[in-house]
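Dropping a structure here in structure tokens format, bear with me for questions.
Naming follows writing order (A, B, C and D), and every chain is counted from residue 1.
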Amino acid sequence: MTTPLLSVSDLCVGFGRDPSKNEIVKGVSFDLAAGETLAIVGESGSGKSVTALSINRLVDFGGGRIIGGSIDFKRRDGSILDLAQAGEPVLEKIRGSEIGMIFQEPMTSLNPVLTIGTQIEESFRLHRGLTGRQATAAARDALDRVRIPDAARRLKYCPNQLSGGMLQRVMIATALACNPRLLIADEPTTALDVTVQAQIMALLGELKHETGMAMIFITHDIGLVAGIADKIMVMQAGEAVEQGQLDQVLDRPQHSYTRHLLSAVPHFESGRAARADFRREKAKPPALTVDGLTVRFKVSGGLLGRSPGSVHAVENVGFDLMPGETLAIVGESGSGKSTTARAILGLVRPTRGRFSAHGLTERAGSVADATDPATQMVFQNPYASLNPRLRIDSILAEPVIAAGGRITTETREKMKALLKRVGLPEDSLERYPHQFSGGQRQRLCIARALMLNPSVVVLDEAVSALDVSVQAKVLELLVDLQKEYGLAYLFVSHDMAVVERIAHRIAVLYAGQIVEIGDAASVLSNPQHSYTKRLISAVPSIDRRNQHFELDTRQVPSLVRPPGFEPPEPQWRDFGPDHRARAEA
Amino acid sequence: MSYLTRRLLTFPLVMLGVSILVFVTIRMVPGDAITAMLGTEAGLLTPAQRDALAGYFGIDQPILVQYWRWLAGVFQGDLGISVTYGRPVLGVILERFPLTLQLALMSMCVALLVGLPAGVFAATRNEKMSDLGVRIFAMIGQSTPNFVVGLLIIYALSAGFGILPVMGEFTPFFEDPLRNLGQMILPAITLGFAFAASVTRISRSAMLDVLSDDYVRTARSKGASKRSVIWRHALPNALIPVVTLSGVEFGYLLGGAVLVEQIYALPGLGRLVLDAILQRDYALVQGCVLFIAFNFMVVNLLVDLAYAALDPRIRLGEGG
Amino acid sequence: MGRNFSAKQVSGLVSGLALAVALGAAVAAGPASAATLRMAWSQDATGLDPHKQTAFSSIRLLELIYEPLVRLDKDLQIVPAVASSWEFSADGTQLTFKLNPNAKFQDGKPVTPADVKASFERILDEKTAAAARANFGSIASIETPDQTTVTFKLSRPDVPLLTAMASINAAIVPAAEITAGSVGTKALGSGPFKLEKWDPNSKEVLTANKDWAGGKIGVDGIDISVLPDETAILASLRTKQIDFALLNDPLVATLVPKETNLILNRTPVLAYHVLQLNPARKPMDNLAVRQAISCAIDRQDVLDTASVGEGKVTGPLTMPGYTTDASTLFCYKRDVEKAKKLMADAGFADGFSATVIAANGEPATAAAEAQVIQSQLAEIGVKLDIKMMELNVYVDAWLKGDFDMAVALNGGRADPYSMYNRYWTKAGNLQKVANYIDDTLDSLMQKGREETDPAKRKAIFADFEKHLVEVSPWVWLYTSYSYTAQQKTVQGFVPTPEGSLFGLSSVSIQQ
Amino acid sequence: MSMLRAIFSHASGRIGGTIVVVYIIIALLGMFDITPHNPLQQFRIDRLHAPNATYWMGTDLFGRDVASRLMKGIGQSFLVGFCAVALATTAGTVLGLTAAWFGRAWDGLVMRVMDVLLAFPAILLALLIIAAAGPGTWTSVAAIAIVYTPIFTRVVRGPALSIKSREFVDAARTFGSSRRYILTRHLLLNLVAPLTVQVTLALAWSLLTEAGLSFLGLGTQPPASSLGLMLADSRNLMETAPWLLIFPALAIMISILGFNLLGDALRDILDPKTRSRPA
């Protein structure tokens, strides 16, 4: 076996003034042959990103120091160089030309004030000495290579004019401009929608074959690597707990943590893992019925010009929700799922739509005008949904005060009970939000939502900002609470694996309209509408190994309609007792 | 460009507000043009003489009539006649404005030439002693009242070196550059020094923010050198808050630096307005304040446009 | 590491640049043309109409451009100006002037009796609102019998009329200018200098009036620049940027003698520093209280502290020929015991509180005087609260008599009557500011007005002064100096007690 | 208090903090007349003495001890500064918050009025107010407060708009919390960071403005002393008695330096906490 392209042995990296006291990466070793792809899997805080950043020494700029071990890299001319000891001038030659890198947040990883063209040309200028028209031509070819349509025009665009998926393609084009021998991809698709993620993975797969480059792919989603990686390394708390060939690690995991990642963490099993613990009795009144919900935002046409129309964010959505039942609303960004949730909660003023909770309070406009305690909401970002300046006891007390109640010892007892119920210590009452982890904070939000014993809880992407294993525990908690209090959940999410774990019924939303709705197991195992099929096929899963994703670069359709536009009446086709899909033209 | 049209709409509203504010406050100040001209001798005037003078100064009409007549004039670009100069107000202002304009421009150059490099230098050496040193040096500039700096400079130069900036009359740059610079360089440094301190602080904190952004990390991953990261990627983004600050500060300077003009005996806009107030030359005070407010609004608008030019996110509307 | 601007380089660059250019300034600031006198003052004229302007700074400019019929010399004797001779009729009701035949206006036209008649009619016309009108009440009619004589018919004998005519407020302007109404805008007089350019609060350019009737002028012209800050004026003198300067603040003036190449001219002036009490306000209506205040104030100490001793303690009459030995006046030697007794008699044993107003920087020593008086009066229980006001706010309050006490610098006149008739006569225009009158004062003023014999006049006004200080409506403090500073190369400047700059007409610059 | 420990661990915070604390002690001593000599007493025989054993910083034109007057002056300047900034902060916060919360009409009106006040040349506005209302400590406070209110309104309105769109405010809305509750507990509490930084900077500016006003004769009334007034009075005595200019100038410079350094430290301490967490 020829010497490996990259051989890392006993790498130690520390941060802060005294790095040895604050070690993040504790003695990691691995090899990478030319053209081979290594996936590094681990949760946040496991040191996987720091390991990646230390290979091309970008960690030095982030306040980190390599305090031990070596990184032997075979350069294009065959010489071996220990990157850990290399000086800055040499590193500047290697970065970009021999080691490329792409990052997690495409929206912020490109310089907002420079055009796409200039930023790509920079790589050519730095390493190939191309300038002027030659550089522009090279940049255009780089964009063609990542399948971006009409590349010439896009060169003059600024980053804020492109979508997340498109920007990530530009990042890839920039990184691969000088055909580096190694590409480091640090969670490149985490911030993207599942269908867009599928396209990026497909693109990376194809480029790997075309250029024969080696790749280090960092992710927290073990399902994602099945399609692309040759070898896997699992990291936990700064150490590489397991390492080996793809099939060997996935089928015969040795380390307990790897087994935990494979089993406990939700993986999409196309409907086989759907919940079956609920029977819908038609008799009881639904906890929540929504009928003809429409939300439109007028687009301002400038001072004099007539307005070009309005954005039809949500178009004639209707469903009902039984007590104790979970309805999941699934869709990608821009599908209107959050707007629907917010409209139900009265945070957004709907244009049309009738709501009722418990079949009693029949109201046009918004169901939960602010004072209805029956419907509560849990938000996506645990860090932003708790006021950083208030103590936990005043945070929990807020709903009671808002509903006109007073804080008595009885309410404090309730708070303590709820905290215990969601698995938090009683003394949390005196602490501040920044003293809790993401998962703990989301439990606090759930406790806050339950203070007024609601019947319906709307969860808007409630777990997507959490770490994988924490996600599993919170879902378990939600299910237990549902059974104990008979809560009805409206669960909004884009993550099919999570939806499969918690939903009884699923509604798929596309461009503001429900395209398919029905029992979870049948929708997932036997999707009818073309979009649902595309959505399910794009979900990565462990058992689909080295699968070839087909590429399509379709964009999310624009939702702007001319004024006075009314969509045609939907015709539905039924596929079973509780499963119907919109007829397609 | 609805943003621009909305801004232009507010222009007349604010100018109207300023005109009412100046019209009322100047008349609330005791003493009028008559006491200003005659001082205690005004006591010798007989009622008939006083009314004649009030007519001459145009302060005998009820306040609303005076305001309406003045406002009508303003719309035709006639800001009224200055009593102390015996000439149209606009002419007097335009004679004194070149000095204030040049002083403002020179101070801004001093500020940017000193402040920007110092700020960038401090940001790249963050938290080391030299960073604190530069910041304290900059802060001293901002901590001393500019008239004290002016006094000290004049005293030091005249007593120590026996030389002095040219004082009193203003010679425009194109007529006699050496004499003009001799008169303007020291006041510009006096004003520019404090201005430089705030530019240093703003550019330092802006650079620190920008250097921690993702796209700087991307640039490094492409193999860009430390210097090109700073000049090609970081600075264009860090310039945005600096442009805003210097724009607003420049707007203030166009109002004339009353104290520095007093000390260096520069016949600028600041002293013009101050003397007009002391001599209760109502038309001149109103004209000057309107002119200064107009400049301030125009400069702010230019700053917003520069903001949009520098940052495509603003120009093309929010987000992709 | 790339080369960046280090802080040391940056500051080095800036100071180097400043020094180089400033040096350049010194070169550029060399004398322009040899014979032009470069002058500076801190307060600029506020207008060009000689009949309307009364401000001290305006008079200084206008007395170089216009000329009255007669003028006062350095001993305040009346000397010829436009008129070459003059005489009162026997009964004192007629005043005749003979005009200087070759007196010409600056546009070459001769000065005729018609111009004199038109000028005085303009002053007497109420529409002109000429402040000096009050001094010419006694003029009944003006006749111009021939090309060189003007006769004023008076309603009653009025000796001070002649001194009043020596003021620039009685300047002779061309009749044509009066009819054209351009007296205030175009400065056309018969004085030694012509006004070429005036940029208010910034610069004046004067050129010598070649065919001036008063004789040869030593310089080609005068460039006056307005430097509001007097330390800047001193600095300009020191660096030879200007040849001549007018100074107000004694603190700055006393620095001039320290410079080898500078001369300081110090001339006592008629204007008097005074603490005006307001007899219309309790408890100042009580004579004993006013006298107590007068005795409690140490006038010499106020002079030494506020004006660093630059001046002389005087009684109300400050003009030569009428001044008396101040120590003979009531309580001019401080007597705190007597003051306390007077306060007790008036029933104010434990004192009272009052406010004193003063104008900011006008005079420059106002704030200092107020603070010294405050600490002196505190010794007899009078608690003073000082209110410093912007000049015009002060003048407005002063004219309305809206104050308990006021620190003031009031103008002096060559003649006692025209100096005080406005305050201490029953028909005085400023009675509502003085707020005190009694028959003795009024009758002495009228007698002094009509008395033509100088010796008798002096006796009358001496009694007037003695009585005024006794009833003490005001506490007269001291008179200070008017200062002008000049380079050694400037010769022939003669200052006058009125602080006039007319002496510049005979000044010359030695190369 | 954790805040104090944070300030004194920060490089510029240490220097700035000590300076401000020392000044506050001096100001308090000055206010309660614990000074080497009576600041108002005129020892006229000792007029214009250079700094010596009895008079540490020399005497002024009236023989008053400059050191005592400086302590009293710092008290006076700080009093004017604190009151003006407190007034401007309250007014600015109320206007900024309500403008951000109610938006449209009220927001438009408030911001236009603020534009008018900002467009008006600051020192002239203060001059007109003081000339009209008569000089004195409280008119100076009012004048400086009016000049700074627009700046505070903008400093509050910006962040208030961004906090208003944060999720914990949405959460509060879904409970139906009252408007007053949301404005005070959610918006106001989170504005503490930008406000504290702005307050320290405004204190520095107010000292400069007070000095400017005194230079024009419109600030504190004699015989009381403020840093600005002592500077202004020393102008013409600069050559004969330089100590009259040097000590007040140093006092102003160091105090403003202290405030600026403290402001910088507070910005570093308060802002990163909200900025670094992935909002």
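Just so it is clear, a residue touches a chain if its C-beta (ideal position, glycine included) is under 8 Å from a C-beta of that chain, and two chains touch if they have at least 3 such contacts.
Computed from a predicted structure; not experimentally measured.
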Sorted by label, the chains bordering both chain A and chain D are B
Max Cα-centre separation from chain C goes to chain A
Most contacts overall join chains B-C
Dist(centroid_CA(chain C), centroid_CA(chain D)) in Å evaluates to 43
Separation of the C-alpha centres, chain A versus chain B, in whole Å, is 50
So, in whole Å, the Cα centroid of chain A is separated from that of chain C by 86
So, in whole Å, the Cα centroid of chain B is separated from that of chain D by 22
By the touch definition above, chain A meets two or more other chains at residues none
Among all residues of chain B, those touching at least two other chains are 29-30, 151, 155, 159, 225-226
Residues in chain C with touches to at least two other chains are numbered 229, 231, 390, 393
Inter-chain touches occur between A-B, A-D, B-C, B-D, C-D
Residue positions on chain D within touch of chain B in the complex are 11-12, 15, 112-113, 115-125, 127-129, 131-132, 204, 208, 211-212, 215-216, 228, 231, 235, 238-239, 245, 249, 252-257, 260-261, 264, 267
Counting only contacts in the complex, chain B reaches chain D at residues 10, 13-15, 17-18, 21-22, 25-26, 28-30, 127, 132, 135-136, 139-140, 142-145, 147-148, 151-152, 155, 159, 201, 205, 252, 255-256, 258-259, 270, 273-274, 277, 289, 292-293, 296-297
In the complex, chain C touches chain B at residues 1-2, 4-7, 10-11, 14, 17-18, 21-29, 40, 46-48, 52-55, 126-131, 133-134, 184-185, 199-203, 225-229, 231-232, 234-236, 238-239, 241, 390-393, 395-399, 408, 410, 422, 429-430, 432-433
Per the touch rule above, chain B residues touching chain A in the complex are 1-2, 5-6, 213-215, 217-226, 232-233, 236-237, 310-313, 316, 318-320
The chain B residues in contact with chain C across the complex are 29-32, 35-46, 48-50, 52-53, 56, 84-86, 95, 110, 113-114, 117-118, 120-121, 124, 130, 133-134, 137, 151, 154-155, 157-159, 161-170, 176, 178-179, 181-183, 185-186, 189, 225-227, 262-265, 267, 271-272, 275, 278-280
